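Across the two complexes that follow, chain A remains constant while its partner is chain B and subsequently chain C.
And now, the complex of A and B:
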């Protein structure tokens, strides 16, 4: 037993594999206990985790900022919806169709991200923030220009097949959607955790900490920045694809608010930490529901209840963002580590951004 | 030809607004190295205050004046309360703090005024257009927009160039430590810069919201993004660049929406930004910068 544990400690891949299997088991057991209406939140949580994990790698590990990740998610969402609907039109069915669509969504977004990354690698700090912000705002409205392909403001709904009958007849469609979202999130986390511990991950951090020193060590700074942008885009595209499976691809869903929400999740969780991205996504998805439930219980007039439920979550998020940045730059994950102080720190404290 | 003339005047009018937003961003960036993401939301807040004052007193111009004063105060208060602590943080952290302030301001406005578009926002002057033949050219409001932004820019330039306070502000931006040793209260100068930027942003909001926008908490988001585009195109360190970049953004957008279709205006802004940044990664008017090891 001890020998097995020691072997596991030595092999990062094996350790992450064990965690992946544990995650899958946890998802299967956990979703079995839940009510129907909770599945949609879980699926959306999966989409957020995919995108936020990619964003935390970009911002926290590589020091590039993106305020336009919603646009990348839109690319993934539309790709998945278009391909899936094409398969459905051709009457191609099978369990392999959806994974192919999601992979294609991630791949197309990664290519788009690599192109954007070429531009991003030349830009620094506020200029990069400005360029990605404009990108995020400008890209989704293109869909209304090509109405015949993207169906304008209504967007596309992806025609997903019902879950396989081998799961039993009581297995609902929403349950299936939640599985898709959470399994995608687990795959992304597994992939990024391995990447983080690999040479590529070390190169990313080297570029973040000091570009000139990294270049002197023989690393190609632009190439690493472009690779990171492409990887981050791929996961964002996958997240967008999951959102398309849940809610369809609508241009209005991929607005500035989504980009900022992702940033919020990453910052509140703790920049550069995958655990932090998960914690942040959970907070972002569930705190809003929690607050609106509390407000409804206050018994205010209808209009003020509506104003509060629409805005109080944002106000809390904004305040959290400011407080976390000023008081706890490590985010929730950093706080957790300091409180527990059990796990030795493996990476340097993420600071993010260029010097 | 007359269509081209109309698009040019329209572009100059919106360009003036973008230039004002860009200028307010540059005023803050030069002195504190903070990018104020809340600039648009601050302008929306002052516009709501102006609307409330106008409704209570019946005087439009009192509301207008109150908006400018409110912008001035809001800028100063935010600098003292939040951003002073952000100045020492990394650029990324200060950007995130700005985003946080943006979200809080819009949420507070939504809680007080609601998110629906249920109000009409009066213009300073008539928006009826004068036309030559069948082509509409410009309105009194267009002239007022261009004129007032121009006046504010000249006033700011005069303030920075010829007055003792302007000299102190430039000294604080150029060499904070030396300025402090020479007796300039640098912190106070930074607050003044934020306050002036807040007032300029408020002016932009009062000018642009009546012309084609509705008054909701997110009114100024798009204007902020385009003003930011203008500032980045010009180079964040140069006030002249901000004005040129803002006007260029307005013109490019006006031509794009006139000749290509209104769906593609934001794409045109993106193309403009990308072309400029790929040629000059720090904007058109940036100085030559040595990278520090």
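And now, the complex of A and C:
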């Protein structure tokens, strides 16, 4: 047993694989306890985690910024919806269809992200923020100019197949959607966690910390920046694809608010931390619902309830962001680490010895 | 910001996901609690659900509809409700954003366990949830939109329209254009989804295929209609049909006035409510609407000699905070009345099947000028409509009331007089 643990400690890939399997088991066990209506929200959470994890790598590990991640998600969503519906029209069915569509969504978005990354690698700070913001604002409305392909504001529903019958008669479509979303999120986390520990991850951080020093070490700064942008886009594309599975590919879902929400999730969670991206996504997906549920429970008049449910979540998010920036620069993940450090534990290092 | 202690990274990730799942599991305990056999129905209550644009581009005007429905249900509840059951309508705001409609409808059906959806508003929004409602076998009554999508009895057996579909409206308006504006260049401006498409198609069914010189469209999220109105002007359009929500009717009329372009406007019922348009156009309303042609399938709201209007105005005063009585308030109350009718007809032993059977049985009369077409094969709503002309800021019905189908069928005059409103305001 000890040998196995030691071996796991030595191999990052293996350790992450074990965690991936644990995550999958956890999702299967826990979703079994939930009520039907929660599945779609879990699926959406999965989509947010995919995109936020990629964004935190871009912003926190590579020092670039994107205010247009929702547009990248839209690319993934429309790719998935178009390919999936094409398969359905051709009567091509099978368990492999959806993974292929999702992979295609991630791939197409990665290509788009690489192209944008070329421009991004030449821009710094506010100019990069401005450029990606423009992308985020300009891209989704394109769907209403090519109505015959994208179906305007109505958007496209992705005709996802029912869950395989082997999962049982009572296994609902919503349950299946939640699985798709959360499994995609786990795969993204697994992939990014490994990338983070690899040479590429170290290069990303080197470029973030000091571009000139990184260049002097023989690293190609633009190449690393473009690669990071493409990787981040791929996960955003996958997140968009997952969102297409839940909500359909609809321009209204990929507005500027989503881009800013993702950035909010990443900052609140702790920049550069995958755990933080997960925590941040949970907060942005569930806090609004939590607040609106509490407001409805207050028994106020219909118009006051309406005003509060429309405006209170934004106000709370804004306040939360200010508090996090002032008090917890490391975000929720930083706080978690500080709390964990308070717990006294047996140290594995030799104690009290003389060197 | 350097990341240390990677070993715990994955573990904390897993922990966070667990926390999320547990958190949402805990928050669920409040929901549910409905009767075991029929969701949303108990011995003394019925829970209905609807999604409405209380905010967003379609909110002006339309946000009054659900309040009016609720007011009418409150009025009915005070008289004992339907078959001893009081009705509650849970309204969810989707901001006219189809993606939001999906999550809100999910929660209404799976969390709140509504018995049926009633009057969910919007073509692009409701199209997004048709499959979900079908899957969950939720009666989907009286969608507040005239898209023909609701009339697919074999594909969506649980979904029913209510208002005349846009094709029927387009045919009746097209017939008026043919008779009154013969020889003029006709064009269309419509919402870039089934709403605009179905309407323009209806107009072409009476005027002939290809008779619309140009078809311009807008998307509800883009308020700049300058290019489209400019294109209509450049094409020399003398008559323009509008299949637009009220906000975009106002934008079209206002933008055209700025461009010194004054065609004959022919506007779908859903985008022509004068009170709603006054909210946008203020003092310019009366001059801009002068001579506008539109249509109505329920009495016009200013007709106080009509027994239905008097009834609805009474309910509006007592139960709806006496908000300005307009076409939206009337629409909501008329739809609530139809809902009460079918709930009544479904009987004491209310199930989803008995409700659907009651709608499909047909024979409903009420505030409409024309009958409903409901049958086991036809799920579209009112069968026709009547042309209305606006003069001096006042709408006046004109000519015959016509019924027709959404295909190439001819227009038929409908002369059966409208039934009087019941004195107690409740279906017998």
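Everything that follows uses one rule, which is that the second predicted complex is superposed on the first by the 341 of 355 C-alpha atoms of A that agree within 3 Å, B and C clash if a C-alpha of one lies under 4 Å from a C-alpha of the other, contacts with A are read in each partner's own complex, and residues count from 1 in each chain.
One rule holds for everything that comes next: contacts are C-beta pairs under 8 Å (C-beta built on N, C-alpha and C of every residue); 3 or more make two chains touch, one makes a residue touch a chain.
Bear in mind that the values here come from a model prediction, so they are computed numbers and not experimental data.
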* To do: Using the superposition on chain A, decide if chain B and chain C clash or fit.
  => fit
* Does the superposition put A:26 against chain B (first), chain C (second), both, or neither? -> second
* Touching A:122, do we find chain B (first), chain C (second), both, or neither? -> first
* Asked: Hey, is it chain B or chain C that touches more of chain A?
  -> C
* Asked: What is the C-alpha-centre angle with chain A at the apex and chain B, chain C at the ends, nearest 10 degrees?
  -> 70
* Asked: Looking at the overlay, what does A:278 touch: chain B (first), chain C (second), both, or neither?
  -> second
* Check the residue A:34 against both partner chains and state whether it touches chain B (first), chain C (second), both, or neither. => second
* Asked: Which partner does A:144 contact after superposing on A: first (chain B), second (chain C), both, neither?
  -> both
* Asked: Can A:44 be said to touch chain B (first), chain C (second), both, or neither?
  -> second
* To do: Could you look at A:253 and tell me whether it touches chain B, chain C, both or neither (first, second, both, neither)?
  => second
* Asked: Should A:206 be classified as contacting the first partner (chain B), the second (chain C), both, or neither?
  -> neither
* Asked: Is A:293 contacted by the first partner chain B, the second partner chain C, both or neither?
  -> second
* Structure fact -> Distance floor for C-alpha atoms, chain B against chain C, superposed on A, in Å, equals 5
* Asked: Following superposition on chain A, which residues of chain A contact chain B and also contact chain C?
  -> 141, 144, 306, 310
* Asked: If you look only at chain B, which of its residues touch chain A in the complex?
  -> 29, 35, 82, 85-86, 89-93, 95-97, 99-104, 106-108, 110-112, 114-115, 217, 221-222, 225, 228-229, 231-232, 236, 261, 263-264, 266-267, 269-270, 273-274, 277-278, 281-283, 291, 293
* Spell out the residues on chain A that touch chain C in their complex, using ranges where they run on. => 9, 12, 15-16, 19, 22-23, 26-27, 30-31, 33-38, 40-42, 44-45, 60-61, 141, 144, 147, 151-155, 157, 173-174, 182, 185, 189, 193, 196-197, 205, 246-248, 250-253, 271-275, 278-279, 282, 286, 290, 293, 302, 306, 309-310, 330, 333, 336-337, 340
* Asked: In their shared complex, at which residues does chain C touch chain A?
  -> 1-3, 5-14, 16-25, 27-28, 31-32, 54-55, 67, 93, 97-100, 102-103, 106-107, 109-111, 123-124, 127-128, 131, 135, 192-194, 217, 219-222
* Asked: So in the complex, which bits of chain A are touching chain B?
  -> 59, 63, 65, 67, 119, 122-127, 129-131, 133-135, 137-139, 141-142, 144-145, 212, 256, 260, 263-264, 267, 303, 306-308, 310-315, 317-322, 325-326, 329, 351-355
